[in-house]
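Across the two complexes that follow, chain A remains constant while its partner is chain B and subsequently chain C.
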Partner chain A sequence: MRRGAGIGAIKNKNLAQARYKDKGTEIAEDQFSQMTKQMEVFKKNLEDFATKHKDDIRKDPQFRLQFQEMCASIGVDPLASSKGFWAEMLGVGDFYYELGVQIVEVCLATSHRNGGLISIDELRDRVMASRGRNSQDVSLDDLLRAIRKLRILGNGFTVLTAGSMQLVQSVPGELTMDHTNVLQLAQKSGYVSKSQLIKEFKWEEERTRRALEFLTKEGMAWVDDQGGSERLYWIPSLFPDVKSS
Partner chain B sequence: MDRFEWCDGNLYTGEQLVEQQTGVALYDGQEKTAFEIGILTLTTHRLMWRDHRNRSCVLCVPLSLVVYLEEQPSGFAKSAKIVVHLSPAPSQKAAGPVSSSNQSFVRLSFREAGEKEASIPPRHRPGIVGIERSLDQRNKQMNKNISHAFEDLSKLMEKAKEMVTLSKTIATKIKEKQGDITEDETVKFKAYLLSMGIPNPVTRETHGTGDKYYTELARQLASMLAKPIEESGGMMTLTDVYCRVNRARGMELLSPEDLMHACELMEMLGLPVKLRVFDSGVMVLQSQSQNEDEIVNNTTALVTEQTSLTAEELSQLVGLSVVLARERLLLTEKLGGVCRDESIEGLRFYPNLFHSSEV
Partner chain C sequence: MADFEWPWQYKFPPFFTIQPNLETRKKQLEAWCSLVLTYQRHKKSYSLDVTEAQTSPLFHNKAINRKLTLDAIYTILDELKKRGHVEYTDKVRKQCLVMWRTPEEWGKLIYSWVSANGMNNTVCTFYELTEGDATTNEEFHGMEKWLLVRALRTLEAQGKAALMDDGVKFF
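Moving on to the complex of A and B:
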């Protein structure tokens, strides 16, 4: 009997729906004001934290790493905006943004020599040198994070992994697996030759030629015809001794 | 009190200053003395007290007489004290302020704090062990600080996590248009997300509606960069812009994301510079006056003049970065002005004879 189908029942139903909707709005509003409140609380917490540990974050790479990882695990990017709480209160933003600027400068300054390919260790040494002696320690993780941030400014700045080594590519252009394999092989001595590649990777002549020519063309490899029986391709980014220059 | 003797306040040879504290009063046992405000100096050999006003009034007692120290913490209307128990005065002793006293201790009243520093037991002469010990202590302190910091960090992150969860529910609400959240609140909500660094589709979708911060930033960048861009041939890569802007700022640096957002808005705001993305993915800020045809014509003319050009050569000719010079050549090639010669020596461009010569 309760499921009446008269006009009254329809009206009732409409009324009930309207009420549900009201309730929904109310809940949403509640949540919103809750968020506003929580935001205040959080801001306060962060302020307290900042007064206590701002220096720790600035000075201790280990602590910085921990902080970044925790942020990542809850899905927060403290470096997204310079107007964010994290950047404003903890100063983490400036640290990484400045690092970004220094990375760009180092990469530009060395690109004529290495074709825009630089090993992360050399990059770190050079960045540290440009920062001066009294600045905070910079870990590899810091560098990688700063580089990742730079990536959205056009498709320069990629981190390549070649074997145990990480290289930073600062010019646009994709390196294929073949190219990184060449770089990996060159790590041992700084150079590679066609026969080495053919022996190591069992590539055909043509494939080897293409890979080497690409690297030469992009300025990432240098040709040496005086190295004996065969043409050698040196990778300036991997020169061990130029680091100190 | 009878152990004290007058002295000139100068250090003996080999004597070193350990600690100094102002605002210290001397008590003979429980009794106050005339020595009320003075500077207490702990040296490796002696405990010295110098009157605050009458600088020539200096008392000292050799540390060899000190038997034992006792601390009395400060209380209500009472300053912290250190009780110095002394062994009987030696028979031959320089003249002091008091010739005899039946008290075997004096009290040092620290009216301006500092009792902790002064109470370092004088027996701890610095030696290798002492140094090691202090290093050890410092390390412990540091580790404690760091683990404290980690603890605080975890707590903070716990809070942040709550915020993220909450913001997600609200975001879905907004998306589904459930519960009518007003325009005002949406803007506020977006600001929250931005402050927290929470990536959210809501923020991106409604990009054009004009976030005040970004529009302001876009205007600021445009007015700041218009001239340098013009000077460097009408274009500047975003990485260059990033370096330039942040070097100019020095503090409160811009994040790459902020820069990007601001640049995306430039065209919509009708500013004199705008963002342009090349096919290669290179992004530049380009001045609005820059005319594509003009670039193509110029580049073609230059290539014809030099018979052939690589990106590097062009970059030196016109004072552009190599990346941009290459983009110019590629653009010109696309529109038929030049054609390429790809060899191991790199990419070289020649005039497009099909286009120019009348065969």
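Moving on to the complex of A and C:
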């Protein structure tokens, strides 16, 4: 026959539970203070690192990329605010805001010829030219980051990927897959034609017509009636000579 | 024309097809107008024969095998006419005057030269103004007489000059 637990046993059990609880709190507190300490050390190290390599971060795009990646992996975004430690310490915030303004300027200045579509390489060349020779080097990664920051202003700025190349669209208006496919095909020679699209993508005539009409309407494509038997559609932003002018 | 700097559009094949999209066409005509005027200015030419122009390098880029049709040329000339830079001299629109500066602009230019050289209240012959040694570095040097007279008339209308037979008095 089993004996039920006596009052003494219950007391003992309660006591043990209370002790466990105390111990638990103690451990948690301990861990917390240790974490805090670790964080402090970490923050200090990161700050030291940033201060030490300030010039590298500002000047060397490769280094800047690595620093950004490092920050991202621990959940720190140096660009989150122009105030705060990072911006003050490094001036990186300013760097990207300045870059953003220059990107907007280049896109506006060239939109009359390219309909608001510019290849990232041309954008980089032009931004570099407008920054002058003695300024910091700008990498494609920097451009993409700055453009991402521009989104805050609305969805006027988008980066499109067409095959191996990236294009920056600075006018509102949604480009569909069809449109980017056309742009991708146009990379080869600067132009496309209806029959080319039909052959390449197996599209029906109507779909081809709609895609080309859209690009023409948006000012991204120019028509050419002297290129042979059918109308050619040229994309100024993919035309090599535009860059040299 | 070796040293003439063509704009990038000149090598862009669709530039030679009038664009159906209004926005794009506006940019295209803008570029054409400025090309025609800078080209004429470079050549120091004050007139244009439409028939001849069809084969001139201005409207025909042999390198890319593109040229403007006659209709397209008229579209551009009409646009220039609207802006006061072109005037047809015959009814059938075969000949036109091309003024890369409007007479008003020329007038201003001449008058500022006159003022800078202290020629106010003096008389100048037309020949002195456009062919004289004193003006060799001025843009209006070598200017044709009809345009000079029109430029001076704009000054006359403002009370800044009085025209005589072959000369002008500046005030």
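Methods note: the second predicted complex is superposed on the first by the 194 of 245 C-alpha atoms of A that agree within 3 Å, B and C clash if a C-alpha of one lies under 4 Å from a C-alpha of the other, contacts with A are read in each partner's own complex, and residues count from 1 in each chain.
Operating definition for what follows: contacts are C-beta pairs under 8 Å (C-beta built on N, C-alpha and C of every residue); 3 or more make two chains touch, one makes a residue touch a chain.
Note that this is a predicted model, so its numbers are computed, not measured.
Counted by residues of chain A touched, the larger count belongs to B, out of chain B and chain C.
In the superposition on chain A, A:E204 makes contact with neither chain B nor chain C.
By the touch criterion defined above, A:E40 lies against neither chain B nor chain C after alignment on the C-alpha atoms of chain A. In the superposed model, A:L232 lies in contact with chain C only, and not with chain B. After overlaying the two complexes on the shared chain, residue contacts for A:D137 are found with neither chain B nor chain C. In the superposition on chain A, A:D60 makes contact with chain B only, not with chain C.
Touch criterion met: A:T216 reaches chain B and chain C at once.
In the superposition on chain A, chain A positions 216-217, 219, 223 are in contact with chain B in one complex as well as with chain C in the other.
Across the complex, chain B meets chain A through its residues 145-146, 149-150, 152-157, 159-164, 166-167, 169-170, 173, 178-181, 185, 188-189, 192, 194-199, 213, 237-240, 242-243, 246-247, 251-260, 277, 280-284, 322-323, 342-347.
Taken together, the chain A residues at the contact with chain C in this complex read 112-113, 115, 191, 216-217, 219, 222-227, 232, 234, 236, 239, 241-242, 244-245.
In the complex of the two chains, the chain C residues touching chain A come out as 7-9, 11-17, 19-21, 23-24, 27-28, 65-67. Considering their complex, residues 24-29, 31-32, 34-36, 38-39, 41-42, 45-46, 49, 52-53, 56, 60, 63, 66-67, 70-71, 73-87, 93-94, 97-98, 100-101, 104-105, 111, 149-157, 171-173, 213, 216-219, 223 of chain A touch chain B.
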